[in-house]
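These are the structures in question, set out in turn.
One chain, chain A, links the two complexes that follow: it is found with chain B in the first and with chain C in the second.
Let's turn to the complex of A and B:
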């Protein structure tokens, strides 16, 4: 069957760059040979000792954490309000509106930030807060997608109606029904946001200030140096993405189980 | 829920997006349109503008078509597997979605660059490694590398549709005398054409506006519109209105492609 061979070839295409990055990061010397020669940990030690990588790593972590917290704080109320809107046309319009940032290339958003936030009235360019604000705009649609889809799947409204008929108040329902029912999808949404924020390059490359350059922005410079160093520095970013993907999948599985128990 | 409460819940996100999404985009729009058509004439006169437009169009067409075809084949194969194995494969295939474009770029340099693993293997097989090693740094090579993060989007988009497709229809067609190929073309394809088109549009919009992988692979040497915009922005003494006009055109193109994709997507939902 043709589709099987395409799938096998595709999986090889998918795995090869990852495998080569890992191999290269432990190789002592890789110069015009098929695979590197020698085994070493020194590239990781060098990356860990590099002050600009250390600073970039902690900048990336702070930006990602702040972005996730903000997505939760402003995204969850928005998702809930959209879900509870009775008019389906308003709901559809709201969904199109909050998905708009997906259609905007990060490069153009960055350029807009440079134009608007380097003026005398809004002189925020170069601050880490502005960088975080951009990450929130880019990541929020993915958080909303995950949470709204879960709200629909769970049939949250029926649960809430039942609670209301038993005399519960709005805030009670939100805290005791909505939040616990959505915990898995909120978590997997937040993990996806963290992963996207940590890997984000196209926006950060233009907007981050010199002192708060994020990890991918600094990583690009490493590509022009020693292969082993570049591999090790890339593998660190790769590992973060892998951990995020697996934990997001794990919590999404939890969400699927919740919905089965609820139905 | 009462209307004022809903507005209260929506307000923080709405205010935030007004300042950090609508305002910057409006800023680009205002700068682009301030001098009327004169700015656009300057953009058209930029060196390499037309070459970049052609480069972007062919990159988008090639990468999106290849990704849609491969993504369809992979999703089709996955849809026939038992659920546990399908979940496992899906997890692996979804990995590139959260990868930075830089990971992709460096991984491909190691694999297919001038001294890359595959380049050298092909060299042993008798191909000219000089030619193959250069291919990665062309628009074709970029399409090949971009497919790395585009194919998973196609697979994730159409896999649910294929899983829900009732296979008995194919068996009925075949028992009535259709060849397997005919059954696929005349029974399956018409039913999944809309989601396929939607997936094509989504990945086309993503790759049309992207510059990260390209920058890491070739610097600003390659002629595509986002790289041209990037060099305009990052060079000193730039004609900002011209850059804004170029940004506006790229945004308009991406937004139109996405709108067409949405149209296909909702058409399919109504069909269900």
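Let's turn to the complex of A and C:
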């Protein structure tokens, strides 16, 4: 009985801010009252018309998609290497190493980037590629963790040994066994990566150049203005994160399907 | 060509880096259609042996020949060994028929034919109608059958089974044991089955190969292995055994902890140390009042220590003299005395 009440209370606690944001984004006027008064689409129209928000929207989307693609391209071979390392000590060390960025505050990474890339030898601060590089460092651990855990759960090594004994070559094993067997974990890993990248603020706020500020960075400005405008902009971020995550997930699944169908 | 063994392991050695474990100068032949069961305690090298044949491990010295062809340096995928893994290793994302057809897919067999051959193989292992399911929807025994079908569908040179029954529950294990034997005979394929279960070895094998610390101790058909074990280790590992250490008292008696035993004639000098083997089922329990029974040769007064009842039989441990004797018997009555027939006593080498 108690556990049910705790669950309900926690869910309400989770949902309430989001519900308030939704309400506020359609409210005409919201001053010193519990709930806003009036109904309007004005705030969404204003956000949509704002050039800095439009730019930030596409910047966030590009950064998130590039980060996802890079995590897939780097993460899968890396996860495979960690999983197949025969020495358990090396494997444990590798795991600590790739989990390190989780413990590292993004702020620290940002300072490091600023120090290195504001120099005359590497004057790349403000470029979108640097932003993507930072997001990869921050997001890759989550992808690796998911995929390595799945490799262990499946016993991928035995599956590959079986395939090899049945006459399957290295590339065939990769396309027929590794990719399709791991498709679910790669999918959920990519969803996490995309959502994290879209919502990332600490690092992006310091490292992104003025012309490729990401959506959360620009969003902060909105809170100095009208409440309804800020709410609408936040709801858009929420939707953006959802859409980007699912599109990443679907494209990954499509890729896995294609590799399964080919023989 | 019929005398060419399907598998020949010739003076093969392999040792794991650092440790003492491995395989040392091992030679073993498997004839066409023969099922050899390799048994031994854990760490004896039986799985290593399988990996050497399959090619997952390289031979440090010696050779592996399949159908007379030296495959020592040949890659795993070129060797054509059908392997049933302990975990089955079915591909979780492929349907049952796709699993079975996979070896044909990588051999570029056309789709229609590989589907037909997979279905035929599934029927052979008793799983027709299960082709469209995913492996996760099958029971352990059914997954085992799929693994067998997949390992056989491409007509491999040899079938290697790595503890195939260890993941199954007791009832399924018994029926799958018979199934494996039936399928192996029907396909008439040379097979090596790895196990640590002596019942499995005795009931399945054409020949048993017993391994200890990387060395082959004895290779023999089950009955011979049981009746004429090479040493005390084999006697204790295959079946239950009473092992009695003693010294020779006369050309046909030996002094042991349970008393002086009359044995078949031997040539050993008086005072020589010997080790005797008596199988528990060969010892005759004597029931009733010991005082009324006439004392005969090799009759010993006995006191029950442990009595395990299994329905059809009892396994009893008895204190006899200063030793302990295990017997297997069907009698339900109290036991006061045991009789060890003279020809039930065997001499084993002292180690």
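Here is the rule we use: the second predicted complex is superposed on the first by the 235 of 263 C-alpha atoms of A that agree within 3 Å, B and C clash if a C-alpha of one lies under 4 Å from a C-alpha of the other, contacts with A are read in each partner's own complex, and residues count from 1 in each chain.
One rule holds for everything that comes next: a residue touches a chain if its C-beta (ideal position, glycine included) is under 8 Å from a C-beta of that chain, and two chains touch if they have at least 3 such contacts.
The shown structure was predicted, so the numbers you read here are calculated from the model rather than taken from an experiment.
Colleague: What is the contact status of A:176 with respect to chain B (first) and chain C (second): first, second, both, or neither?
Modeller: second
Colleague: Going by the contact rule set out at the top, does A:46 touch chain B (first), chain C (second), both, or neither?
Modeller: Neither partner.
Colleague: Going by the touch definition up top, name the partner, chain B or chain C, that contacts more of chain A.
Modeller: Chain A has more residues touched by B than by the other partner.
Colleague: With the two complexes superposed on chain A, say which partner A:154 touches: chain B (first), chain C (second), both, or neither.
Modeller: So A:154 only meets chain C here.
Colleague: Once the shared chain is lined up, is A:162 touching chain B (first), chain C (second), both, or neither of them?
Modeller: second
Colleague: Residues of chain A touching chain C in their complex?
Modeller: Touch list, chain A to chain C: 154-155, 158-159, 161-169, 172, 176-177, 180-181, 183, 260, 263.
Colleague: Per the contact definition, I'd like the list of chain C residues that touch chain A in the complex.
Modeller: Within the complex, chain C touches chain A at residues 54, 56, 76-77, 79-83, 85, 87, 89, 91-93, 102-103, 105-107, 150-151, 154.
Colleague: For chain A, which residues count as touching chain B in their complex?
Modeller: 1-4, 6-7, 10-11, 13-14, 16-18, 20-21, 24, 31-32, 34-35, 73-75, 77-78, 80-82, 84-85, 96, 98, 100-117, 133-134, 136-137, 140, 170, 192, 195-196, 198-202, 205-206, 216, 219-220, 223, 227, 230-231, 234, 237-238, 241-242, 244-246, 249
Colleague: If you look only at chain B, which of its residues touch chain A in the complex?
Modeller: It comes out as residues 1, 5-7, 9-10, 12-14, 16-17, 19-21, 23-25, 27-28, 31, 70, 73-74, 76-78, 89, 91-111, 115, 117-118, 120-121, 148, 151, 205, 208-212, 215-216, 226, 229-230, 233-234, 240, 243-244, 247, 250-251, 254-255, 258-259, 262.
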